[in-house]
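Think of it as A, B, C, D and E in the order they're written, each chain with its own count starting at 1.
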């Protein structure tokens, strides 16, 4: 019985495949590194969650990374009422792909659904201190509230995808697999394990609007996102002409693209950076609290070299963030690469009775970090070279090893782990960074967001608390000082700032969108 | 009668091996519902005999008649399901593991296939000397090498052969090695399981002569199993004929060969091709069919399906043994009424003229 | 047929062992809630998710619920795919992406790939093996020997990579991967079929050599049968038993090979699903995929056994042991 | 028929007279000449393919064993300035990299040699451990029979009907990768192969008369198993062992590909492929060379095992051991 | 006494026209092989012939080359790998020089062969009916049903009871004697003129051996076939054959009519063999054993192969290979002293 069905399925699949491949003449193919977990609206807050989903689901507003200003999308206008509420005026005449209108009620439903704490959505990592609710003022006006003062409500709204109210209310399971947004492309099919695709939405509001985002009105019949985990496979796809654009190429692929005809590499800055979190005061091996040992480790690394290994990356300026962020300290230099000094520091420490016997710095990476294997090996080799033994470890099933969680530290003996990790910070402000990476985590506080920090310093916590309440230039200066404070103490090693890169076949131009998402609206035919 | 036969008849000689009501049922207990039922193959049934010192007991029968099983029961390579085996008065079946090993010194075995009965990875010296690893008291270590040489010479091989491997020898020579190995523990009884049937005609005679010489010199007793009646006659003092696990006739060898009382014995004797073209005008008692499967043996007399003389009673009643099978006896309803003389003229005739 | 019933019984017990092993061992990998939400998830979200998934119940209760679900064809709900993040009561249809659906969606692709790979390999291997056996020690024999050994010595995923670079990138003859029309299957099938090709050819060759040395072949020649009939009817049917055994064996190994090959080629089969589940610590899918593979393997073994009885009349279904 | 001996001629002096039954042997020449190592060697030398395979394995073994002394560079010495150097290139500092450098500027040849150490030793260790376990259980099961055999063989059947790499994956997923975990998992999975073979060989041997003879002689079970059964299955087990080493080397590569192999910075061939695969389009040697090393090693092992099996096969061995005749010698 | 017994067992020797031309004659046949230990000569310059309706016994121990020679005649051993020389004339045509295709036509049609281990010589996975009928169907182009009918007829002829119902049986369901009957039926399918029986009864019990030998003689007589009977059992030959060839180590030692062979054995080997046999009719004090063992083919002694075991051996025997010499009509022996030995025995 089962076998017969299978046989049938095989035959049918073969026939259908033959037919459909012929039909897909004007399809824009994007090779992406992994399959999305789901296509729920909350997924648009981070590009790697579901590449391309932003073409189907749109937010109310989006941020222009260059200027740091918000630009209109589904909301044409908005105003901050106070530090707990924000009023948004919606665009008129927009409909979801299922034909239902995008009105205030629909938007309110979407906002409340995405930020609902009952729903264990990952977007909660960007949740503010309060609960978010939305209120319909009139057909096209929505007021968003936070139960606690939240100066970044507009930022959170730029992360929120708006989808059909009808679907959320009546068919919630479809919300995760068949997104119904308002974007220029309407979801068509998700061939699990293989690809997902969307067809052109001829009713897209952007065709008529004069304040539409992007470079052009996208005009491909269909767009398909092919999942290829192997970067060499993705590269092969564009070389073989099977893909128009490849997401996340290797730097070596980009170098190769320079030499080869047929495609080119487009790069630009991103908000992703790689850092090494070296265990400090919290549950750490006490020898790591010796400033000489820490300094020795920090100075052992060749940051140029690491950026070179990573490719498509640059050496950061000794802090976790990009120069356009509030709180960025221009005066801070990256730690000097000086193995000689490191060796001296180690010897000094040993002369003072610091016994390095048994210390092994465990360099550990999660494998969703680009080039993680090489990175870990290189870092390990560099630290070893100055006389500090290491153990290197790439956690393969990368997702959420409990050992990464601070709360799990309690369960282990004093640790000496340097966790190499990639992080994306979509906010134009150091506040979130400083809080989540350096504030002493309150392990008993269930709502705390600072749980990736291994640093506990009362002075720092106090000053940060103060700084977070400031705004404007005051905030900027306070955070600059905090960055300098951390820099001196060798808390976290900023390893590299990553570039964004796409392989683009000849005949196409791609510019990075204002909010760093892959948008077909930013792709133009050059011929 | 030879001296030995006389001695047997008079019961003067010591009994070295005794089998009493020996039986073996193969196979498994089959589960029928909750009960377990024996669904076995009765390979050997009700075998009784005594073997005296220096005597040879021949055992003949067709393939599948259970004679090899019997051999294995006698050395306890298999455990019988009933009956007992005594070696020099010791019941092998009651012995504990260690005592059994010790008792094995008394009874040894020679195998049919000279190719598979020697460990190809051991030298001849190691093979022959192995029993002394197990029973170190038989020969002191210092004398072992010399003793191996002696044994090799006793079986007609060279001392220098001790360092060679079995595959360097011919079938007949290997059989000699097997004999030397059996002799190494100085046994009282040797069970010979078809020791010459795998050998070439020209070599058979050597091995038979050797076995007879050894018996003459050491007084060892043989149970000699074969399907070749000529060979059995040459070496045995007494003979037992087996059919489907049972002894159907037994007695002194000349008596059985010259006046068989069981139709099966007669058929065997008369079926032998005689290697004399002049001797062909004789009557042959031919048996139809082949030995039935032991899985479902015939009722009554097990031979009745192939017996030219079978009557109704044969298929209904199990025949009783007339006389003592070990001395002179037969298991047949009609033994007293049958005359087989025409079928064994080629045997009796020769005796008369020879 | 009592034999089949007994076999099925054994299979069921084995499946249960696998289920239990996979269920309990799977729990050693850590808290599924953290797995789903990531290291930076808040404890509230985690707790919420654990409630949603019933992870706060006693382990045994979860186990029985799992087994109970299995009996009804329910493999549970994926941690990764879909929407387990929402409390179940919010869904009118119960919610969650059923693992069964995921597995069933991927199974045909894997079977398709396996069928092409094995079918091609088998056909080629039988020819190769027979040729080698008919001309022993000739150049044909040597060639078959080296080729077949070479194809069992190659690392499948490496072969896949090399094939992609060669045929898709440099020559541009075939697609680099993905699932689609018939030519998509060629490269993955080549990479996957190499090992069975070699193994079956080897076994065919030696089995045929053995059979051709048997007395019945001499007897068949002596009665004047043409050589092609002796090879193709007499010897091949008897050589079939080891060939079927090894083919069944290879089919089992093929599923494992598929894990790597499907990953390299982006083939949406069960192997790919499994690797994704591994990488994402998607326990229900991992369990489901392993169970699907185990079931497949058991079915294959049963088929092999049935084929035996056709090939070897001495083995009958009612009497076969081991 | 006469039984009288003809006395016309004197018997051949080399033959002992017939009358003496005790010295009937014939010693003027060796009976069945042993298949000496010379014959095997001659056959090996006449089989060019196998000879090359054997030589290759010797080279591999030497470079693996002597990696510490023979490798031109420290395999973990990174050199950021000289990454992705193709084979046969010279750095500015004058270091010559025969097989180029990898993505961290490490010498590929040195890593291949150290990788050989890891890969081959995992293969060997895995095969030895699983062999010891499997053969022990197999012999005991085959010799003792009974309940023990039932249990062991049920276990073997069960385990063999599961795709082993999948189970390996799952177990490694739980206990983590690494050298000893790999060996452990390989042992756990592969013992069944040895067990099954050892048992079936034991069953065959068990019915041999020389085993019966040993039992009749009063040998203990342990002695029979060690002295009589084990030595007689060395040849097929060695063949199996060789094949298993090849299989385990391949398995190591597969598991490394999925990230369960040895941990960095140690090199193994599988890990080299796995970490080089991102660069396959740009630095072909990173994937091709370790892949070839695995392929050739496994091929050589397979060829050698195949050859050993062919020459130790009682039915076909003579065909393989017989030197090839020149065509012109043929008649008719 | 009843139908089970027959007054005469010997059914040979009758009606063979001694003057008739032989239907097959083997002339100077040699077969050699390469082994790891060097080349061996399995059959060395063997010549004999057989007439229509005759039974020829070929006697020899293992390794004497008796089967190899016949397998070469049947075309089961070919060159290469073997080295074959000499001629086998069938109706005056040398079959060894024929192309393979033509030789295959002879098999089954002109000559057929049955083997020692019948169970092994039957294909375990095909039914009896298929195996008996296939050659008839393929070579004669008969329909499936006709071929099966033929099979039933043949099975009746070889006295397999309830033949039709056993068409579907497999060889393993048959006993050894039954398998041999199936073999014979298979061999008879194409009505051959010469039947080669290679130790047809060695694996069988005495009582079954008797049945099979009788059957062979019966079909031979009915069809006027010639029978070549290969065996190591002198008794079987004595009962069945008209003439016999004695082989030793690949060479012919002696050939004679049965009467001559047993009355006046003229080769020391034949003599010794006859003396070494234990007798069913008497128990001897000692058997006259032949010393030593038959040589292996790779180490055949120089000169006369039997020399090291021969009580008559002279230095000459080590140097000179004795040729087969005619001693009397239909009696030849290959011994330097054959005449003397013949003289000696006939006086006895």
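Note that a residue touches a chain if its C-beta (ideal position, glycine included) is under 8 Å from a C-beta of that chain, and two chains touch if they have at least 3 such contacts.
Owing to the predicted nature of the structure, the values given are computational and were not obtained by experimental measurement.
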item: Chains contacting each of chain C and chain D, listed by label; value: A, E
item: Comparison of A-D and B-E (more C-beta pairs in contact); value: B-E
item: Computed distance of Cα centres, chain E from chain C, in Å; value: 55
item: Mean-CA-position distance for chain D and chain B (Å); value: 46
item: Centroid spacing, where centroids are CA-atom means, of chain A and chain E in whole angstrom; value: 89
item: Chain centre separation (chain D, chain E; CA means) in Å; value: 46
item: Shared interface positions of chain A, touching two or more other chains; value: 230, 232, 236, 239, 367, 396-397
item: Chain B: positions in contact with at least two other chains; value: 170, 173, 206, 209
item: Multi-partner residues of chain C (each touching 2 or more other chains); value: 29, 161, 165, 169, 275, 278
item: Interchain contacts (touch definition) - all pairs; value: A-C, A-D, B-D, B-E, C-D, C-E, D-E
item: Chain D to chain A touching residues, read off their complex; value: 76-78, 80, 83-84, 103-104, 173, 177, 258-260, 263-265, 275, 277-283
item: Residue ranges of chain C touching chain A (in the complex, touch as defined); value: 29-31, 33-49, 52, 80-83, 85-87, 90-93, 95-97, 102, 105-109, 111-112, 115, 161, 164-165, 168-169, 172, 175-182, 184, 263-266, 268-269, 272-273, 275-276, 278-281
item: Residues of chain C defined as touching chain D within the complex; value: 14, 17-18, 22, 25-26, 28-29, 136-137, 142, 145-146, 149-150, 152-158, 161-162, 165, 169, 202, 209-210, 213, 252-253, 255-256, 259-260, 274-275, 278, 286, 290, 293-294, 297-298, 301, 322
item: Chain C partner contacts - residues on chain E that touch it in the complex; value: 71, 74-76, 104-109, 112-115, 117, 120-126, 134-135, 138-139, 170, 172, 183, 186-187, 189-190
item: Touch list for chain D against partner chain E, complex; value: 1-6, 8-12, 14-16, 18, 21, 24-26, 28-33, 35, 39, 43, 317-319, 321-323, 325, 329-332
